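First the structure, in the form of structure tokens, and then the observations on it.
Chain nomenclature is as follows: A, B, C and D, assigned in order of appearance, with residue numbering initiated at 1 for each chain independently.
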Amino acid sequence: MSDTLQKSSDIDLDKRPENGRATAIKSRLTSWDSIILVLTVLVLIVASFSVENFGTSRNFTFMVLDLLPIILIALPMTMIIVTGEIDLSVASTLGLTSSMMGWLWNQGLSIETIIPLCVVIGAICGVVNGFLITGLGLPSLAVTIGTLALYRGLAFVVLGDGAVADFPWNYTGWVTGTIGGGAVPNVLILIVVLALIFGIVQHATPFGRSLYAIGANAQAAHFSGIRVARTKFWLYVVSGAVAGLVGVLWTLRYSSARADNGSGLELAVVAAVLLGGVSIFGGKGSLPGVLAGVVLLTALQNALRLEDVSGQALNIVTGSLLVLSVLLPNITTAVRGNYHRRRLRQAASR
Amino acid sequence: MAEANARPQKADAHNDPPQTNDPLPQANDEAKVANDPLPGASGQPQEASDRPREASDRPRKTAANTQLARLEVHDVSKSFGAVAAVQGVSFPLYPGEAHALVGENGAGKSTIVKMLAGVHRPDTGTLRVDGADVDFAGPADAKAAGIAVIYQEPTLFPDLSVAENIAMGNQPLTKLRQIDRKEMHANAERLFRRLGVPLDPTRPARGLSIADQQLVEIAKALSSEARVLIMDEPTAALSAVEVERLFAVVRSLRDEGAAIMFISHRFEEITALCERVTIMRDGKHVATEMVADLSVDDMIRRMVGRDLSALFPKQDVEPGAVVLEVEGLSREGVFKDISFSVRAGEIVALAGLVGAGRSEVMQAVFGVDPYDSGVVKVHGRRLKKGEPRAAMAAGMALVPEDRRQQGLVMDLSIERNVTLPRARKLARLGLLFGGSERAAAETWTRKLQTKLGRLSDAVGTLSGGNQQKVVLAKWLATGPKLLIVDEPTRGIDVGTKAEVHRLMSSLAADGLAVVMVSSELPEVLGMADRIVVLREGRVAAQLTRAEATEESVMYAAMGQEVAA
Amino acid sequence: MTTLSLHAPAKNLLKTRELGIVLALALLIAYTAIDNPRFLSGQSIRDNLLNTAILAVMATGQAVVVITRNIDLSVGSVLGISAFTVATMMSANPGLPMIVALLAGLAVGAVAGLVNGVLVRFGKVPALVVTLGTLYIYRGITYSWAGGSQVNADELPRHFLTFANDNLLGIPWLVLIALIVVGTGSLMMRNYRVGRELYAMGSSPAAAELAGIKVARNLLGAFVLSGALAGLAGVLYAARFGTVDAAAGNGMELNVVAAVVVGGVAVFGGSGSVWGAALGALLLTVIGSALAVLDINQFWQQAIVGALIILAICADRLVAVRIARSLRKRDAHV
Amino acid sequence: MLRSPRTLLSVTSAALLVAGLAACGGTTKDSNTNSGSGTQASAAADPNAAVKEGLKIAFLPKQLNNPYSDVETGGGKVAVDELKGEYKLVGPNDASASSQVSYINTLIQQQQDVIVVAANDPNAVCPSLNQARAAKIKVITFDSDASKDCRDAFINQATTEGIGQSLAKMALEQAGSDGGEIAVLSATPNATNQNSWIEVMKTELKKPEYAKLKLVKVAYGNDDDQKSFQEAQGLLQSYPNLKVIVAPTTVGIAAGARYISSSSYKGKVAVTGLGLPNQMREYVKDGTVTKFALWNPADIGYLAAFAGAAMASGQITGAEGEKFKAGKLGEYTIGKDGEIVLGPPTEFTKDNIDQFNF
């Protein structure tokens, strides 16, 4: 069979140039996720030297705690956005689990029961999203704006405007504590483990591959035997479960279960994911880029706060970074194209 | 040869509009380099063959050369990135003529169309309308200059009514500059009467069949009273009847003095409609001749730059065991009670008019579409419905109709595309390592002689023919027992077409069962051992190779209508 | 004749969309009024309409943007910056007539919208990203400028504050402005070329380019309109609530998007109507006040709004599926 | 999708199983003895210690753009200047505990000497405040207290009883001798201050002299202007016979007064409670409001700064009975649980309102 295949004609006029490898390296270096990585490292270095108290181990602990919710929710969010969908309900899921956690605690359940239960509650929120989006085929943006309001509303229904605060010290202390009282926060282990799992799944498994195919062309993915709807469904379930877990961590960190916990966090997460170079249209982006995006945002906020720059300015920085993360690559491409065209014109007029 | 080419296919992706589902054939298709004209291409001996022609469709001789050209392409060049898609092309288009533009895929035809449509601006050279230089800043300018374009793929607004689609930009207005809907609908009715189609102007364009969409496009072009009508493969999705009706309208337009530019891969249509033909190869102008002065072979030779061997080389193979059995397959409103079987070593063609349900049947068989009742068996085992994975596990592979939307993920690399259906098998301990994927992709792209730079390039940077090879590689790599190919040669150039035919033939010879869906009758007749003809969602006839002639297939496909 | 057979049902199905909201509204009002007749008192109706006015003005702009298959998440922040600008301006120059305040608000909003539009069209940045970014940026600018300061009712000129409550022929100005905005918007989108072009752009962006539609101009126009109307809403907000700080309109974008979605505008563009969006705004507002009147725990309000959004898109989906089926049946030869 | 519900079911049941197993012998609310209290002030007070100069005193109000806290922190700035210290004001844009925690962390990093904080959540800020105290930073709460084991002292604007009684008294005055229905328009349902005031007020209303007053509803405007405005609307729709709206929060009273003054209820329904003279001046003058009360918020910040400075200098530790001097306000004594009470509230009427500017 291969014999006959070899004999095909040489009519095809299509030819490929050879200097591709150099361009590949260049394009990798100029891709947004590597730029953001470099930028993050730069910000960290500059801040450690120029911002007083930035490089201390205690500040490191604070930063890790500050980025904990964003980074964890960003892990499944990255996958969801890579498939071309979005989940805006995560922060509300967090709020709902936090409320439920307080309520269940008041009912006298043990904390060891409550924690897994809360993760399940988060997952159920994800199931609802997933069913509406993949089962009924509704647009995820609209669905999760709806469940954003719904879950947050339910959170208030469960706990009202009250707060539950008397969670056991050994749990709240674990979340805010460090390993052996040193510089490494306990939750960092959690972040590293989850980030590794998500990173491997996204970048080195058939499942991860299928996410990119779904995001870039769902129909072609379907024609290639990828279960598009089922894949997306499970992403929402995982996203809900992680949001539930973060709801637990949030509650324990502030030892306060409240319905309004984490409100507005969805925008911060989406901003971080997009800043990390994930395309809102799906099909493109990497987890390292997203992690860098989260760290960059958190480090900048932390450094600016230490420098007594008002929180207001942070808004402007975050927003500008977000827009620039997409705008800059576009501009460089356009400029390159223009330059090339001008050269052609010159060559032609000569 | 290879290093002579400057490369960045990558860069040209950015010249396209940012939408991912760009209905335009991407510039990439055209953006191929060729600074390596085949020896003797320009000095090809031009045997003027005086083929006999029926008087009825003999093109009129135009008084072309004495007239002022309605539209002139003058020394135009256009590059995408470093890839020169069109280089120094010139030709005139006269009022009252139908002018064919032919060339292989990647020859630069679509780039010319897009420049005339105002989508792209020429890098150098000028376009002239009625002798005056024009510079189109956008499609609106071209439209204002009286140029109407019918694209290969319809460009309708699904949410708007058919009448609104036709009138967009030229809506009749009331005194208050509001849209006069009554008048708009009446206009659309008039156009449809002229085209002889029974479409409701108030229905939304969403859900129209491709053929109906194409007819709306034509109505759109007619409504703008274009002085230049450019048609980029308008007939690809039309049935023979519809094509004839279209040609009648086009001829009357031509007789009213419009200039027609017609792009097609079907030579019989060119000879039926056009007086003159411009041939392009590798972005360059090869010749502009009277159609009557050229034989089809001449045209092909000049397009390709050399002679072609037989187009449809199906070898005779003794059929083996039954591989696929389809029994009583039905899907409400799409197809009903479809039964046929395919044996190993056999090529079975599904023929029929567009909209007869051929692709739909095969998509249901493969599991990408659901069906209501019926049974699909592979090697005697019943297949779970609506599960492409089950079909794949049973050894089925589907090379779909729409390469860009169904066959490939354009933004992903070649290797990822090739390994997409079997990433699970390549994984070790559930993990994928770059090496195994690359090796698998390399093997198959080489076997199919795919011309590519690096396997990590986005597949969208390849030419149409090579993209089709990647789709074939992707599915052959799964080691199928049954290969379904849907329009395997649509939109690919003559050279690659022959390669694909040879490949299919040799695969069948090696014992593969092949089901081919095709709208090209010569392809069907040349390749198939048996032909299943569908009409309006039902099996109209099953013909053996011996029974099959153009007439018998068409008769079955069209029913009584053909009697005339 | 097939031409007519489809015509009627498809159109009716489309009509039911807005009719559905009207029915839901009627039911809600009826139920609430039976429970508490004061819900139908002049004051109550007036309050509801006044509350709807601001949301409806913003929903009009948002509907236009969403119909073009974009989104404007920055409207809440634009409202904030406009409200604060106008309030500051009016407290500094109490002599300025109301019309100047309105124009200033429109202008501030239009500039903000223009920035969005330019970034979307010429920066080729998706609208979701751009307006999420400018949501932060505009709000940040307002905060930086305002700091902790607040413009109080007593700093504002009397005619500015009374504007919200003054009537013309018994109709409060605020409501009148909203009616004009919604009416003009509906008319433009339905009966004028530019409106149909906006629908076309949302229905198929690529085809719109090829059809020679001035996509850039229209898109900028849509964003400028959305911004300007958010700016106008800022003035109305300042006049109605009298107290303006940097947080004015915070989170409002979600309500606006919710109103638009509930009102039947498809998030992927191309379909829906401005007056549907305005009805959506009315429905959301009435739900809010009905809950207060029915003495239902106010915490349910948000949950109900969420459920309503989901219900609305489910209903849209159902209608679309039914239309598709009726179209397919018609086309089918089987 | 077909299989997912089943898979889901198994996942869920597995999780529940784990939960169930864990339920046996876990930590519950009842078994939980929360020993997470912070370090108690251990050093002995030295009443004669001089107040240090150059102390870094940081103010962290509930949120920045709140005019009321601006006045409070403004008083704090005056005090810090008198003390020749370094004044700093930071705060979040939203009144959430989580963003406040980030600021507390930053202040710890910056090694402030005193943090004066108005807690958005009495418990959520606790771990951070305790970290601050562990880093030898004195923590003074004002306006809204944190849990008492994570701060050194609390500046109470007035005694809870005093305010609750005053609210009840004003309500009766406004309703007139015939009494009638009254409603409360509060901040958030978990606002510590408002809740304890309302509690006292309810107790007060049970007394015979208030028998004619009927409290029909406590509504919550979340200290959000628009929300409060709409809640006021809702109250009047639900309770047409309402005589008085009592709003024990500055945002609520302003929004309520604004609604009444622009509606047909003007003159029929009275608004009273706690408000800022500048915000209320208009409504007092147009007759919507005849009387409301408040302490002087600037004095709160002023007192907090002095208390913090005294503590950072070692004059006091926060124990009951200790005394310190607070500039122009004179001498204060620390009460039970480290509370320092500012004094009785001022009542504002048409006659005296122009004497105040805050």
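One rule holds for everything that comes next: a residue touches a chain if its C-beta (ideal position, glycine included) is under 8 Å from a C-beta of that chain, and two chains touch if they have at least 3 such contacts.
By chain, with names taken from UniProt: A = Autoinducer 2 import system permease protein LsrD; C = Autoinducer 2 import system permease protein LsrC.
As the structure is a computational prediction, the values presented were derived from the model and not from experiment.
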| item | value |
| --- | --- |
| Chain whose Cα mean lies nearest the overall Cα mean | A |
| Pair sharing more residue contacts (C-beta pairs) when A-C is set against C-D | A-C |
| CA centroid of chain A to CA centroid of chain C, Å | 30 |
| Averaged-CA centre spacing for the pair chain D and chain C, given as whole angstrom | 36 |
| Inter-chain centre distance, chain B versus chain C - centres from mean C-alpha coordinates, in Å | 44 |
| Distance between chain centroids, defined by C-alpha means - chain A, chain B (Å) | 40 |
| Chain D, residues touching no fewer than two other chains | 64, 93-94, 220 |
| Contacts with 2+ other chains: residues of chain B | none |
| For chain A, residues that touch 2 or more chains besides their own | 160-161, 227, 264, 281, 310-312, 315 |
| Every chain pair in contact, whichever chains are involved | A-B, A-C, A-D, B-C, C-D |
| Contact footprint of chain B on chain A as seen in their complex | 1-2, 4-9, 11-21, 23-24, 27, 200, 204-206, 208-210, 212-213, 216-217, 219-227, 281, 283-284, 333-334, 336-337, 340-341, 344-345, 348-349 |
| Residues on chain D engaged by chain C in the complex (per definition of touch) | 64-67, 69-70, 93-94, 217, 219-220, 225-226, 229-231, 233-238, 240, 254-255, 258, 262-265, 278-279, 281-282 |
| Partner chain C, residues of chain B touching it in the complex | 17-19, 21-24, 117-119, 138-144, 149, 151, 155-160, 164, 168-169, 171, 173, 177-179, 198-200, 202-204, 206-209, 332-336, 355, 536-538 |
| List of chain C residues in touch with chain D within their complex | 36, 38-39, 41-44, 47, 51, 143, 146-150, 152-154, 161, 164-165, 241-243, 245-247, 250, 288-289, 292-293, 295, 298 |
| Of chain C, residues touching chain B in the complex | 1-4, 6-7, 10-11, 124, 187, 191-193, 196-197, 199-200, 202-214, 269-271, 323-324, 327-329, 331-334 |
